[in-house]
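The following blocks contain the structures, represented as structure tokens.
Each of the next two complexes has chain A plus one more chain, namely chain B in the first and chain C in the second.
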Partner chain A sequence: MRAKIIRKEDIAGLLESLMGEYEMFAPVKSDGLVLFERISSASEVFLDYQNSLMPPKQLTFPQAETLFSYSSAKGEVKIEVPHREEKPQLIFGIRPCDASSFVVLDRVFDGEQYKDPYYLQRREKTITVSMGCVKPRITCFCTSVGGGPFSTEGSDLLLIDIGDRYVAQIVSDKGAQLLEKRGFRDATEGELALAAAVIEAAVASMGPGVETDGLKDKLDSRFDDSIWQRLSEKCLGCGVCTFLCPTCHCFDIVDEAVDSKGERIRIWDSCQFPLFTLQASGLNPRPTVKERFRQRMMHKFSYFVDNYSRVGCVGCGRCITECPVNLDLRQVLNSVSRLEGVK
Partner chain B sequence: MKNPYLPVPMRIERVVVETEDNNVKTFSLSFLNKEDEGSFTYTPGQFAELSALGKGEAPFGMASSPTQPWCLEFTVNKAGVVTTALHNMEVGGILGVRGPLGNGYPIEALKGRDIVMIGGGFGFSTLRALTNFVLDDANRRSFGDITVIYGARSPGLLLYKDELEEWQKRTDFHLYLTVDVGDEEWTGRVGVVPKVTREVGPSSENAYVVICGPPVMTKFTLPVIKELGFPPDRTLLSLEMRMKCGVGMCGRCNIGSKYVCRDGPVFKLAELNQLPQEY
Partner chain C sequence: MPELTDKIREVARSLLRQQKVDLIIGFERGTMPLRSAPCFVRREEDVDRLIWDSFCENNLAKYLVKRAERVAIVGKGCDVRAVVELIKENQISREQVFIIGVPCQGMVDRRRVEAKLDGREILEVRETGGELALKGDGFSEIVNRDEFLYPCCKSCTHRNPVISDVLVADAAAELDCDSHVDVAEFEARSAGERGEYLSREFSKCVRCYACRNACPLCYCQECFVDSSWPQWVGKTTNASDVVVFHIMRAFHLAGRCVDCGACERACPMGVDIRRLNRKLVKDVKARFDYEAGLSLEQAAPLSTFRPDDPEEFMLNP
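Showing the complex of A and B:
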């Protein structure tokens, strides 16, 4: 492992020195909420957090963005794609689960057949400095879905807290360049051993997860089981799970217009809402909460696997912690897995 | 990188009111910018997103055939906000077109085969495209027997009436028109599409059947198709779903792991049999 040592008191200086080059985003605490915000000073960064209420997904896939603007006059229509800011962005302090969510979103937006230029341009200009999780929450289950509290997927640098210093694991060339010529020394064998111990302890502290053994096949074969009715009964269909999910990518496209000018805008949408699939004829293929609830589970743990050879979940646990009726995705999936009397 | 969200502007050259209830219109379009023409090469069964700028987009199968390069046509049933806005547009109006999208009918697989097309309602528009494609002088010899069964609820709701008249004069394919309920002037068949399909009884030997119509027609036609011996991998259906992006990203038109926009809208029944019945 290639790693440098950054003393904690040097973090502020490092961030300040990078601010000219990057738009800098980091966890910021305000009104009791930790969210990723644009910062203009290292003093705004708040690192004593387990995870932000919302993932920093909006930095590559904004909640609302203009796809193009148009104006029409005298038999002509002019269509213009908005000009984009050229400056790269740095996300500091992102958790490994959220960093790997970018890799999940890449699968969708960087398809073989179609590419989403809006997402991909932002993604290409994004560099991630992740903060490994020394103390995972009891609702975290990254280790069930191929990640871990110190997983490097989607990160350019991964910081491992070993007390008064961080072991900065260099994951990508972008990450290596970030630390170049700044005088950080290489980590010693002893420091790497300390880091390994921290990682081991964090992994050992993980709470109960999802039993993923054969999960996709079980979900597929139990699609029509009555258990979905029971499991979804208390779901309110509020959609907060999808709103806070780092991997949810569904969106709506709407036009906003005044007279002959307007914009076509893409906005996050949710499979939990009845309008999501309601057809103009009145037919709705997912007419009740049951079908919509099942869709979220199936999409992430079966359909996504079919399409992109990985699960569409990074185990951040936000859908568990923020659900108003305490629906726990782990329990839902395990209930389906453990169903008896069906193959 | 090609931006899949940008429509190209097209001018409305002609509007035909197709049905007596004025609810279905066919729009013939031409490219406003000549350089866009080359970017739109399609096969029957594919679709495009039509923009009424300021109101939004909705998906429609191409009603014209690529063998008729002089026009691009869409048949629009007025049902919601976008289709109402489209219906309010007139000749000379400009709308946006984004496509072609989706897979279309598997033309290569259909070559050398008999083709039975079964359509109902305004779902017939994509079968009209396929019919014109296979009947084209350059293509007709590549296909075997062609049978088209097309039904509407009433005579006044049949689309493409002038063209149907022309087709009835042709001797190189079989056309069966039917209506659920006739009127004083109607002298043709009366009966719903599944019933007529059974009466016509097309042979399934070396044949593909292509179905496009309202869900209720499809539901009752499929058992007849099965009786006639068409295997699921030679039974093609064209599906509809609410769509937005058209490129498999916005997440709403899936049936199981398949996106109707990207992986469809044409599916073999054999494929659909493997998917959840959520459509």
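Showing the complex of A and C:
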């Protein structure tokens, strides 16, 4: 691998030097929560964390985004598009699962037939410096879904912590450019070997996760099985899993207006909400929590594969840790796979 | 709490054997340390999934609404008060529910335990007596359980189920505390301070509705949030829409909220949701001398007219 060495004490300096050129986002500890926020100083960065609570999808796909505003007077309608920040955005310290989530979202928002200008406008100017996971959590299962604690997918630079310094793996030209002319030396063979050992240990530490062998076919053939009723029985039907998921991307568009002035706003929606498939006739093809819960599993592990040739999940585990009733996607998928466990 | 676990299983087994109920709703071990999760048992061979410990934090009354079958529910003090309100609101009949009452010693706030460990991942927890033995990679620590109870448990004055068909333990000692002292303290702050605190808290809200969905008394088929004609409140994360959603939900719960804390625990962002609900709990107590969920006989104050209802807001605005 092409890699430079960045000593830990030099990170702050690097970030400060980039702050003029980039809008910088990094993990910040705020009220006990770790969130990705815009930082104006390297001292705000909090790296002693496992993963952020909210996923960084907000940075290319905000929860609420005004698409345009309008006003009408005397039969004339004026439309205004909000000012877009021109500076590129650097997301520092995201985890490999979250970095690859952007690649998953790209399938949807930057597809062959449909290109979402709002998403692309932010995505094109995004550069990611990821922090590999030396100690994955017990709820992480990136390795089950084609990822890994040091996967480079979606990253421009990947930092591998080998103690007092990082081996900074250069993944893309954008990443190479970040480190250019800043005097960082190449990693030695010895340092690369240390990095390889860290990576091996991290991968080995991961739990069994989800059995993905033949999972899609099993899900497809077991769609009508009565097991779904039992599996979804404790689900509250809230939106925590979808909102905290780095790859969930469903949205609604609302118009908010007073008299002749208004805004059209795109907001996150959730397939778990009862209105999601409610038709104007009053019919709802997903009338209960069972259908809606099953839908999320089917979408991520079957339909997404049909549409985009990959699973729509990066194994970050936020849906597991934050679900109010500890509904564990690993347990659900493994139960369907084996068709046992919950009767 | 092995004795409680054993007793709950014994009761559950007997109920199923005698075919007294079709379903038992209780708790089972979660898939992570510090988690227990709602569990639905219909067959005798599944009874041993049922457990009781300091992580049985969900309000299971949520799962009773409009059930057709006869159901037993493992309920702590707050859960059973929610059941009482649901019965009064005709969401389930008293005859349908077999209440397995559990005198509660409070539930442990897992997020505060995690914060105490300062990011070190807990891999194992063992509860013995009043202590939690926490183990992780290269560390082990013992914490006092009572120090890490949820705020609502710390000020709970109804640990014992107010009604039950069977109690699985002797009555727990009720705390002797003024459960509204925090509300009074907040009321004493200036409007500006209160506004600032609430704005800051609700700026964390992401409109996931976990609070609403975890609440046993939020069971409307169509929530006011989903009404688009008329649209009562916007759906974005606009600051005033967020606050209005929470204020309206709190008012819809006035006189009905049993302050179980399910909303606060479900919230992934740690929003201080109960701040609003507790104000209304205090006001309802002061104005109508009523606390939700204490008695099947007491009529709900906001759906019952009494000639002596307070009227000063109309007569002396």
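By our rule, the second predicted complex is superposed on the first by the 339 of 343 C-alpha atoms of A that agree within 3 Å, B and C clash if a C-alpha of one lies under 4 Å from a C-alpha of the other, contacts with A are read in each partner's own complex, and residues count from 1 in each chain.
Quick note on the criterion: a contact is a pair of C-beta atoms (placed from the backbone, for glycine too) under 8 Å apart; a residue touches a chain by one contact, two chains touch by 3 or more.
No experiment lies behind these values; they were computed from the predicted model shown.
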| item | value |
| --- | --- |
| Clash-or-fit label for the pair chain B, chain C on chain A | fit |
| Chain B versus chain C as contact partner of A:37, first or second or both or neither | neither |
| Touched partner set for A:138, first chain B, second chain C, both or neither | second |
| Partner chain(s) touched by A:153 [first = chain B, second = chain C, both, neither] | neither |
| Touching partner for A:161 - first (chain B), second (chain C), both, neither | neither |
| Which superposed partner A:223 touches (first chain B, second chain C, both, neither) | first |
| Touching partner for A:252 - first (chain B), second (chain C), both, neither | both |
| Touching partner for A:326 - first (chain B), second (chain C), both, neither | second |
| Cα-centre angle that chain B and chain C span when viewed from chain A, reported as a multiple of 10 degrees | 90 |
| Which of chain B and chain C A:237 touches, first, second, both or neither | second |
| Nearest-approach distance, in Å, of chain C Cα atoms to those of chain B in the combined model | 5 |
| Intersection of chain A interface sets (partners chain B, chain C) | 252, 254 |
| Residue ranges of chain A touching chain C (in the complex, touch as defined) | 31-33, 48-50, 53-54, 63-64, 135, 137-139, 230, 233-234, 236-240, 243-244, 252, 254, 256, 265, 267-268, 270, 273-275, 320-322, 324-328, 330-331, 343 |
| Touching residues (chain side chain B, partner chain A) in the complex | 1-7, 9, 11, 32, 51, 53-58, 79-80, 83, 92, 94, 96, 215, 240-242, 244-245, 247-257, 262, 276, 278-279 |
| Contact footprint of chain B on chain A as seen in their complex | 67-68, 70, 72, 75-77, 79, 81, 108-109, 111, 113-118, 120, 223-224, 249-255, 257, 262, 264, 266, 269, 271, 276-281, 283, 285-286, 291, 298-299, 302-304, 306-307 |
| Residues of chain C defined as touching chain A within the complex | 30-32, 35-40, 43, 46, 58, 62-63, 111, 115, 119, 121, 123, 137, 204, 206-210, 212-214, 222, 226, 234-238, 262, 265-266, 268-270 |
